[in-house]
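Note that subunit A is present in both complexes that follow, paired respectively with subunit B and with subunit C.
Let's turn to the complex of A and B:
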């Protein structure tokens, strides 16, 4: 119940944040502009709209997750608002989970709004909508959950600026981890071991990317999809658990 | 000895060492501090800026972990959630969630104590009334002045009707009217049987409000006790007389009894060494046919005591004894 109150308060905080609306407007503009860009291409305009639309949703969602996420905890400490929460009968992990759930809910609403924007464009342009699109959107949302947890983890022990940089780096690396493995395969045993270690430690965000499937009408099996969702959930739980441990030991000076 | 059930706050040999900077230099913020706050009293926690007051309060609130020693609230260990349900805390110069209105703000804190619905609405209205903020209940906190923020801050600390109210520098940054309001509020809390622990570097406030005070300097306790006792202990017991038209002969008689004589035309200010000299001095004034304008026993203030302690601490240790 306490977690839920904090989550609702966080959601309210997000709703009254101008940054969120700016990003959302830009995302919708990008999705809309895919119509204009598709005019420049020959024949492939369905693909372009889908690719650009999903890309925009992903990109702006990640921006929201990072830039709102890093402020979740560090802003509370900076403004000393956390003092009044922690001195109430609220465990620190409850505070952390509440903040996380609040932003996740914000992201969910945002994803829905952006998806509706994309569907509107698709409908207006007579692009057939397939089930795979929704699977792709669902996995984009799972990726947001992982990124938010990464931002939250960093913001429990470092400043807002550094967490933004670290999380952004994590996002970029997370989409390139497959290259680490390919790279390692060509090296000696020790280097391969190290690169494999990093590969398994870092989140493999490319797994959440189904844009190719949507655009090229590829299928994905239900069990594969399930596995990816479980992977995302486990990774998120791991990040939140680590964040709670760090947060529990922290002095609020 | 106070029975332990009457001890609301108790710290034993509490210390906190911070590590600062790249090399982790050790800085002692609180040094072997032992304190007791009893039920129903207003306890002032005094010291200059940076003395370790806020750090101590933060340890009590579970915001900071002590390096060594223990702190107990209501005879329960630190971090016991049951203790926190009986506690209200106002941090120093708080900002709060400025996107909330005062009503939303108080409702949110009520939820954290499991208060919902009509009970909570009633409590929120009562508190807004108590701190005189009913007119601003639907205004976002970002539009508040510092005094208004402090008032909703106090309301926030009282949402769970706590037995112990801890206020960190509640008077700092407020104008004289705001300070008076906070003082009145603290007295009202005391009347309703609550224990109030507040920190301040404004000694006058403490002198007026507190039953007992503790003074800390560089993290160490330098004085603790009832305000009147502390004042008596350190007071000089000097008496100030203002006398008109005292002859030079009369003055010669008076001089051995005085510490200081200041002439202002016909009038003079005479400071007597102690109250024992008053009778003799009055006799001399009467026989010299001079007139007595005023007689003021000099009361010591916490400020005098404080300055003495600060000076004592600055002296090299071998002279201190």
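Let's turn to the complex of A and C:
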């Protein structure tokens, strides 16, 4: 209950920050591109609209997850508002979880509205909508959940600027971890062990990327999809757990 | 008191200062526009834009840098590429750069089937670079074994551009076995395998290509080639008739019209380019007034592939003659 009220408060705070204005940019981008690009391109116009739509939903969401996520805790500490919460009978992990759920809910609303916008454009342009689109959107949201957790974790022990840098770095690395494994395979046992260790520790964000499947009508088995979602959830849980541990020991000065 | 004075001052100034501020802002904006235009004029030439394609990093390096947005990257590259292809004439170098860009694009998104097909058409027919076209299309076949029009175009390239009907027929057979292929394809494939090199088969093939092509420039190229093949189909018919006339009358006909008059030919074929067929009264050879030179074989183009540096060695050696 305490978690929920903190979450709701975080969501309200996000709304007050005019966070959802990014939807306006998204709408303009979608309408503009569907009108303009249909004249510029040759051949598969459908894929252009789908790529652009899914790409911007993903991009805007990641930006929000990173740049709002890093402020979740550090802003409270800076403004000293954290004292009023910590002094109440609220466990620190509850505070952290509430903050996390609040931003996740904001991202959820944001993603749903953008997805509706994309569906509208697809409908207007007579692009057939397949189930794969919703699977891809679901995994994009799972990626947001992981990134938000990463941002939250960093924001429990460093400043906002540093967390932004770290989280961005994690995002970039998360899309490149597959290479770690490939490099490792070419090295000696010790290096391979180290690289594999890093590989398993870092999130493999490329797993959440089904944007290509939508465009090329590729399928993914239900069990694979489930496994990816569980992977995302577990990784998020791991990050939140670590964040709680760190936050629990933290002194506010 | 002081507060109220500053307040009234603030209120009394606005119209003039707002106009000034507005003008200032407008002036700055105009300056920006002019500077931008001037810089564009000085630095951006079309050459630079096309050369940009040559400087693209290899797809293997570009793909990870796009952090999962590589499909969108392929789209943007495609948009840029077709603006360059839209030019009326491209130099040999530019086609090499286009090949590079298409290679990068298809590495970013190996399932971009349309890019393989369109790129194959441009490199094969417009650029006269069957080596590059085939290289791109073969990459496409291995990444998209279920798409029929990529092996279809490969078959076309081997048949018409490289003069290898056997290999051409092989690819058309492959295309005919894939899902969603047009209904005429199996017929064409069996016909090609049975009588590759026959002008009627070649015409049927060109017609099939014409049906798959919307681009007006490409349609023109195909229609021209069809007319060339029609000449090659008509000339042997006419020469056979002349030969028949000679054995019957022990002399050559004075004009081709005589062949119809004596019944050696039911009707005089029309020259497809709007000229006419002419008879050499001494030798009895027949030729076209618009295209006096014969194609060595009807499917073989007179032009040699336009190789230029850096030459890409084809995996396939040619010209290969076909008996």
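Following the convention adopted for this analysis, the second predicted complex is superposed on the first by the 239 of 253 C-alpha atoms of A that agree within 3 Å, B and C clash if a C-alpha of one lies under 4 Å from a C-alpha of the other, contacts with A are read in each partner's own complex, and residues count from 1 in each chain.
Everything below uses one rule, namely that contacts are C-beta pairs under 8 Å (C-beta built on N, C-alpha and C of every residue); 3 or more make two chains touch, one makes a residue touch a chain.
All values reported here derive from a predicted model rather than from experimental measurement.
Subunit B and subunit C, once both complexes are superposed via subunit A, fit side by side.
Look at A:192: by the touch rule set out above, it reaches neither subunit B nor subunit C.
Angle at subunit A (Cα centre) between the Cα centres of subunit B and subunit C in the superposed arrangement: 150°, in steps of 10. In the superposition on chain A, contact is made by A:55 with subunit C only, not with subunit B. When the two structures are aligned on the shared chain, A:216 is found in touch with subunit C, with no touch to subunit B. Once the two complexes are laid over each other on the shared chain, residue contacts for A:171 go to subunit C alone; subunit B is not touched. Of the two partner chains, neither subunit B nor subunit C is touched by A:181.
Touch criterion met: A:84 reaches subunit B, while subunit C stays clear of it.
After overlaying the two complexes on the shared chain, residue contacts for A:46 are found with neither subunit B nor subunit C.
After superposing the two complexes on their shared chain, the closest approach between C-alpha atoms of subunit B and subunit C is 18 Å.
According to the touch criterion, subunit A has no shared surface contacted by subunit B in one complex and subunit C in the other. Only residues 18, 58, 61-65, 81-82, 84-85, 87, 89-97, 99-100, 104, 108-109, 111-114, 156-157, 160, 166 of subunit B touch subunit A when the two sit together in their complex. By the touch rule above, subunit C contacts subunit A in their complex via residues 64, 67-72, 75, 78-79, 82-83, 109, 111, 114-115, 118.
Interface residues of subunit A, counted against subunit C in their complex, comprise 37, 40-44, 47-48, 51-52, 55, 58-59, 171-172, 175-176, 179, 205-206, 209, 211-212, 215-216, 218. The part of subunit A that touches subunit B in the complex is made up of residues 1-2, 5-6, 9, 12-13, 16-17, 79-91, 249, 251-253.
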